[in-house]
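Have a look at this one before I ask anything.
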Amino acid sequence: MSDTIDLAAAGPILHDMIKVIVDNAALLNDLDGAVGDGDHGVNMSKGFRRTGQKLDAAPTGLGEGFGVLAETLLDEIGGSMGPLYGSFFLDMSTFLRGRTTLDRDGFAAMLRAGVAAVVDLGEGRLGDKSLVDVLVPARDAFDAAAGRGEDFSACLGSLDDAAERGFASTRDLVAKIGRASRLGERSRGHLDAGAASCRMLLHALADGLRRQLDD
Amino acid sequence: MSDTIDLAAAGPILHDMIKVIVDNAALLNDLDGAVGDGDHGVNMSKGFRRTGQKLDAAPTGLGEGFGVLAETLLDEIGGSMGPLYGSFFLDMSTFLRGRTTLDRDGFAAMLRAGVAAVVDLGEGRLGDKSLVDVLVPARDAFDAAAGRGEDFSACLGSLDDAAERGFASTRDLVAKIGRASRLGERSRGHLDAGAASCRMLLHALADGLRRQLDD
Amino acid sequence: MNRIINDPDDVVEDALKGLTAAHPDLLAGTAHPRVIRVAGAGAVGRVGVVTGGGSGHEPAFVGYVGPGLLDAVAIGEVFASPTARAFEAAFKAADGGRGVACLYGNYAGDNMNVKMAVRLAARDGLAVRTVVANDDAASAPPDERGKRRGVAGEILMWKTAAALAAEGADLETVIAVAQKTIDATRSVGIGLSACTIPAAGKPNFSIADGTMEVGIGHHGEPGIAVRPIAPARAMAATMMETILADLPFARGDDVAVLVSGLGATPVMELYILYAHVAEILAEAGIRVRHRFVGNYFTSLEMMGASVTLTRLDAELDRLLGAKARSIGLTVTGDA
Amino acid sequence: MNRIINDPDDVVEDALKGLTAAHPDLLAGTAHPRVIRVAGAGAVGRVGVVTGGGSGHEPAFVGYVGPGLLDAVAIGEVFASPTARAFEAAFKAADGGRGVACLYGNYAGDNMNVKMAVRLAARDGLAVRTVVANDDAASAPPDERGKRRGVAGEILMWKTAAALAAEGADLETVIAVAQKTIDATRSVGIGLSACTIPAAGKPNFSIADGTMEVGIGHHGEPGIAVRPIAPARAMAATMMETILADLPFARGDDVAVLVSGLGATPVMELYILYAHVAEILAEAGIRVRHRFVGNYFTSLEMMGASVTLTRLDAELDRLLGAKARSIGLTVTGDA
């Protein structure tokens, strides 16, 4: 058991994040197909697969890895996902710059920076049926658990549960943002694709970090 | 009985020619529709109807009337029919210029001029499945009858019969000219639309002149 | 799907090869494969003017790169925003030392990628200011102008801003004239048939034969209403009602008019539409100073057309008439 | 049929209203309702250059009227020859006292109407000489060149002849350069979808989805073969085989290339096609001196494209680069 992540050792977690996106590309396409243009899996896996190749060639720590991922998304993925996820990982990577370890409060600050970048760029609000419905509850749950004095690992557990609930909550929402918002009421009853990919990414991240903390 | 036409008095024959085209526009369209683009009746009746209006407003003799018809066809009918029938009537009108009467040999010369204009312009030959399959046999039959010493009215009768046979002959021809030529062998078995209108016009002309000669 | 393509995923790459090969005197590639810049000296010593957007709207966007017009353009996949990096690279390609004006259309993806690109460029000390076009009067009510899409009116904004940049104006002034142009511009489209993104293989919307989509967007976004198809004269009336009232344009105004086909509508029909637009303007006492009729901003092989009006002051009038050369628009200045 | 028209019988008349209203600086009407002439002084003191043809091919034919290009054009109904009288009126409108060159395409109706018009003009003492374009290599075998149709290659013939007329050449010399241009020009088209003449209301030919009509004519005339649709690269290869071997073009030749859309094919696909054409020419050791890619000569909303090559000598090269301004083609001379 530890309270602090060695960022260099945490680099491989990125592979779990990449794998979950690549493996679930078809599922993400299907979710997007129900209310959007069915390309969310294509968009995401394009950038993530390419990042995997770069990291295979030149492994990095977690912070630099987030940077490579961000650069790749900004370089290769147009549309909304490139800049949204790109700025999420870019700002988390910027936060990690110069650090070798990450503790609970550092993680909280890093996540707040990433989530703020997404909200700032995309202007999405809670309830709009988007990434934000996963990111904001996850961030808030982590902060709340930390406020209650729980340890890093437990806080990540709260984050993971909140991300799952946030994802599930999108089913009953009417899309206010993105392509699905054109459908109005007809977007209700479908899970949001971006929320799905976000939930997968946060789960892989939390899981990887907890495994390292619990070692 | 007379041997000579009073051209001023023959003017109204043009109305018969106009009427037969206007009345048979649908038939001409149908014939053209089988192997062409189905507009021969439209094209012809447009020019002939307009000529009728002009002649109603300002009646003329036969020569001037041919001139009005020619001008109208050249003015208002694009495609092939405007110039072909236009030059047919223009050159016959030019031949009649300055004359007040027309005898058998004059008619032969006039018709030769008109037919030559059509052949010169359109480069159609006997057997190509076109106007020419009516015009050339009609002209030749008139000349032959005149050569046998028959009178003007009898020569017109020969012309009329030959025009009818020429028209009928187009059924078994393969089109070598005009739009129907694209169909090759498939054009066989259909009467030619231009030959039909030409046959109608020559019949109306011969009939009108014979009535005047036989008066 | 009967199209002139190779692998449907490569259409943008393949078309760019042809574009640079066909216009060596006008266009040049850059280190970024999705950025095209003007051939020759570019924006040295003056403000650079940039845009970017999805492919499939040709001649927009790349077709407006040229002397007196855009300096560089970022190119996205068909109907998709270029990447943030492509925008950033376009800014750098257009930089002549006096800053860059990025004049683009109001779409979620473009907004985000431009915003990120501006951040990326700022890290390298490059000053980029933006104007976002929202001329499509049919895409949101007047009190929600911020939601309106940018359509063919962008071309007039590029023209005035680039002409002013060519005169040596500073970045702030170029941005101000671009904003003034788009604020004085209203557009509306009518869609008559759908289009197919090659990689998708089938249309993702439909317009039934005998109907028209009034207010359609450049990607088939639904507009104000689906109506039975009407004569050209009635289409023009519907379109002009929408835009005249929106600015509003008034008796005595000077305007530029742009009638653009959406791709597959024959050019003769665009002139039929223009004839009615001109009639309506004459009746309204509005003077037409510049007229553009053709396929200026298309949506693949969609049928239909858009009408754009810009109210002109003396400055905009002068700038629209300034010399420019590009694939989509050449003004010789001899007229 | 989702079209921007009023009464389908009035499309030509309605479009002409829009054309003259949209281009007051370029086009002027004449006493003949189907004849448009260049605005301003016209051909005074030099040879007049005229063409004519059916409507529905816009920007051809009227879109090539302008300074340095055509002086007047006779306009027919959709896909139908203008009348003899319209051609005659165009000759008169273009007459600047040194005779008129009528440069038109090889179609039965046009041939006859031009011939009649020349006769009519001669009665009034106006000297008209003609060149008939027959650049469509797919429309008849090489030993029957007289039967070949005139297609997009006409544009290059108009350009060189008009540029020479602008230099002050006499009628014989202008006719000779037009003939030289078209003799050195070969074209071929591929059709990917049919088109509908508004007055007919439905297509009078069809191209099945998944097939292409190799060698199609500008009115849907059948070509060499109906084949399964192929990648752009293979289409280019087929087209280039047809035209390269026909002249034949040879290693070391200088050429102009014109890739024209037939109407509805997206412009990006024309550039995809051009990229392959350029590759093939480079491999064949043929140098491209002038390139034109766009919707230069269309067939209503037909999908598909044509490729035209002209072998250039120094004179043709110079004349193609000469300044000209028109709806369809503007050469600034700055390139």
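Which chain is which? They are A, B, C and D, in the order written, and residues in each are numbered from 1.
To be clear about the criterion, a residue touches a chain if its C-beta (ideal position, glycine included) is under 8 Å from a C-beta of that chain, and two chains touch if they have at least 3 such contacts.
Bear in mind the structure is a predicted one, so any value in this text is a computation, not a measurement.
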| item | value |
| --- | --- |
| Neighbouring chains common to chain B and chain D, by label | none |
| Most distant chain from chain C, judged by the mean position of its C-alpha atoms | B |
| For chain C paired with chain D, centre-to-centre distance based on mean C-alpha positions, whole Å | 29 |
| Between chain A and chain C, centroid-to-centroid distance (C-alpha), Å | 35 |
| Centre-of-Cα separation between chain B and chain A, whole angstrom | 85 |
| Centroid distance [mean C-alpha coordinates] between chain C and chain B, Å | 58 |
| Multi-partner residues of chain B (each touching 2 or more other chains) | none |
| Shared-contact residues (touching 2 or more other chains) in chain D | none |
| Touch-based graph of the chains, sorted into line, ring, star, complete or other | line |
| Inter-chain touch pairs (all) | A-C, B-D, C-D |
| Contact footprint of chain A on chain C as seen in their complex | 54, 76-77, 80-86, 108-109, 112-113, 115-116, 120, 204, 221-222 |
| Residues of chain B defined as touching chain D within the complex | 37, 71, 74-80, 82-84, 86-87, 121-122, 177-178, 182 |
| Chain C to chain D touching residues, read off their complex | 1-7, 11-12, 14-19, 21-23, 25-26, 55-56, 58-59, 63, 67, 190, 192-193, 207, 209-212, 229, 231-233, 235, 263-276, 278, 291, 293-295, 298, 300-301, 303-305, 325, 327, 330, 332, 334-335 |
